[in-house]
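Below are structures written as structure tokens.
Next, two complexes with chain A in common: one pairs it with chain B, the other with chain C.
The block that comes next holds the complex of A and B.
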């Protein structure tokens, strides 16, 4: 599987990913994602779906997106290590959070 | 666990179609579809309404075609006064613009020319028996709320003594704990973590509980809790006008914090001016109590009473050996005065 490309933005990096696990971003994957995003303390990470942008370090925010299988999400990060943050999140989402 | 339905989330900034307007308010406002069923998915993008009288009379230089067009008694009578050919010309020309929808009010009769043109151009033609002015006012109010731009912010939104207070600060600074403490003290939760902010009019912000999340809170070490289930319906509220912002930040010994309250403290959020108090956080500091006091202080300020300034005035008067000024709004002063009179 080829991962979505991480691109440069004015203030950091971004990538578009498609949610591939069957149940979408429910509680468990959301908390996995938030845990991972929170590890990158030096940068701000946001997720955008349907024009709605939320803080990727907030469980409630990620849950609010209610991202179902097949929906597209924009991951953006700015600050130090933004490329690594985006790449790590892309890998997690496209790996299906270890679900099917 | 199935993923929650995603229909609600797009509620924020989702375009409003004529179909949705009919579903939401059709019954209440006695709206009937006369024709133009094909155009029910046309989008209403502005809260302003237009009476197309001048356009029907032949003036198109300035014509707000993108607005919902209201045909009241004036327009109907004018159309009736025209010959059938002139009427056909006026209506076709006016409806030649891209128009979201036409509403005939006061239960007016609809002329065949209007009916035919709307039908041919798939412009929804609605009719209500309601009187034009009150209907316009209701519709305008609904559209203004519905079409208000909205955003989400990270923070905790509380109703403190009836005032909408947004508590902000970095992750882990203790916002949710502060919210819990405020709930314990009898205040109400509007939203935790994700707050939906809607700007109504030019300078008013309203905060709402986000869809999907409701009154759930994430408390580190415990997990997700449901505030309504734990504390009951008195502990929650759906929305409130945002009147105060509290920013919590770790105590920085090098930073100067407000000690007097003489300076104006405001911040700008989505182009609106909102009072902001910056509260330094230290272990053992009762932030909830400070938030309560900040809210009460702001309420006094809204009533035109700035305690620091009044206090300053008293001090200056004392320095100049003058009598202390009478504070007009203070219950204690009023009591003291009435006792002196006795």
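The block that comes next holds the complex of A and C.
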């Protein structure tokens, strides 16, 4: 299901997701997200919200997005296993980081 | 030592990690720790960058070390409190800018790191007008500040104040994982904090490090001086500042007693609570948080007689989902199996209320819309909990108990809802225990009086004496002016308990008790005499009550109970039972403490 959301880009893959957990990307979900993104060591992962793009492996960056509930985020990845990286992040975000 | 000339001051908090220690106070105040800020010469830039890299490596190492200890003593979920701190130390964005700052502004590592964190925090606050999000600026600043202190302390050039040469007890307003990571654990003998509860970072870390910890002490810092001698008591949950010789001697003897007691505990743990003449009482524990379970099992609990389910509703923004609850309940049931866990359904209202349910302000909340009444008024919330409970029942020995029952009608209503859910789950093909036991709390006088009718509808009773006493005697024990009237030995209370136990037994169901009196040896003696089947209490009391039960005969306890019903005042009853208990104790001393069977 999540894989269908993942689209090809020139250099890798991307997907659009909506933050659905109640408190948005606060410290705990942000650190879960960074942890997951960092697992794809040889793949560059970025998040974009309202034209601001940050490195998904930076906790500071992710918090800086100030992504609250309902905001739309573009996940992009290029490098090794970019499709898997995007799919895994989509699943985590759409699963509400296990908190809803 | 100046202990002789000053009066000891005693502060009470919440005991979260056991042990008794004596040491000098070290007052930890992160706001007062200054980070050395200086500008460096051009020639020092490379050296400063290397120092930052070394400090980061060292700080990471100490955080990872503590994290490992928490994984070992608790679990991965609790260890994740270290993750944001660790991530900041690896953050590409943050580190790039810090190195840049060292190079371009010629600032030393600590100053560069702190300035970058400050920049981020300011930028963050300007990003949003949402006050909730803006409030998180504080989180970032706090995190950044604490990590920069950790960095500073890991820097060999900094003289580190958190390395100790003698044993200390750390006193702080609150503590974060990175604060603890800076400390030299060899000499840290205890943590005491003004803030915090059983799940705070300090509590988790102290348990992992196996040192005593007391949290929630209130404004103790205003009274404390650095270097002052203090006793920390992680059993009672108190600290004593400036103890005199008497207090010190008492602490030492208490420590000896606890050590001996813990050895005894080991011996008692696997034995059952059975009287000399073979009457067996199940001793269970009252539990609120899943992390307490290893602790209660270690004290020899044969199950959980009262699992309070309110916590999962209180520490969050919205209502928990079925899945949230299911995960918690399943974990609890699995970790206690094969022993039973009695889950008391939501007992909110009264003193705690659920803001999301928008309950009306009540003049007298203890007699208002609470517990089962609240659940029947909000069946959606109730159903979510019952579904999660039934689903968890497939994984062990779960039991469901409804609180605040005042009439048969409420039991029938609650059971009807439960039947609906059973049908739903069967249709969905989800497994649950078809034989799950359903019980009720007997804590309202009307329920005790009508216990015979209620007994036909359920599989067990649990007598909740805390409320039963309040409601029967019309005494609010939080009100100092009448608190002395709160009296478990009042003849009316003992009669209601006897009525309830007899009614249950006539109907062939078991009956337990989960109020504070279960842990009172004199009350326990009477309850055994009345034929109680289960006593549920705080885990710490279990060994003592087990020892008591193993030392008495049911026949003697019964005889004592018969006598007291002819006594008319609670002071006469109390005196009589106390004397009877003393004579049992005298006999017990002649026989071995543990193996009386």
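Simple rule for what comes next: the second predicted complex is superposed on the first by the 96 of 100 C-alpha atoms of A that agree within 3 Å, B and C clash if a C-alpha of one lies under 4 Å from a C-alpha of the other, contacts with A are read in each partner's own complex, and residues count from 1 in each chain.
Just so it is clear, a contact is a pair of C-beta atoms (placed from the backbone, for glycine too) under 8 Å apart; a residue touches a chain by one contact, two chains touch by 3 or more.
Because the structure is predicted, anything quoted here is derived from the model rather than measured.
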item	value
Joint occupancy of chain A by chain B and chain C, clash or fit	clash
Which of chain B and chain C A:7 touches, first, second, both or neither	neither
Partner chain(s) touched by A:61 [first = chain B, second = chain C, both, neither]	both
Which of chain B and chain C A:51 touches, first, second, both or neither	first
Which superposed partner A:27 touches (first chain B, second chain C, both, neither)	both
Touching partner for A:35 - first (chain B), second (chain C), both, neither	second
Stretch in clash, chain C with chain B, out of 1-9, 19-27 or 127-135	127-135
Intersection of the chain A residues that touch chain B with those that touch chain C	23-24, 26-27, 38, 54-55, 57-61, 63-64, 66, 68
Chain C residues within the chain A interface of the complex	80, 83-84, 87-88, 90-94, 120, 123-124, 127-128, 130, 132-133, 136, 139-140, 143, 317-318, 321, 323-324
Chain B partner contacts - residues on chain A that touch it in the complex	23-27, 38, 49-55, 57-61, 63-69, 71
Chain B residues touching chain A - in the complex, by the definition given at the top	1-6, 8-10, 12-13, 152, 154, 171, 192-194, 210-213, 216-218, 224
Interface residues, chain A side, partner chain C - complex	22-24, 26-28, 30-31, 34-35, 38, 54-55, 57-61, 63-64, 66, 68, 99-100
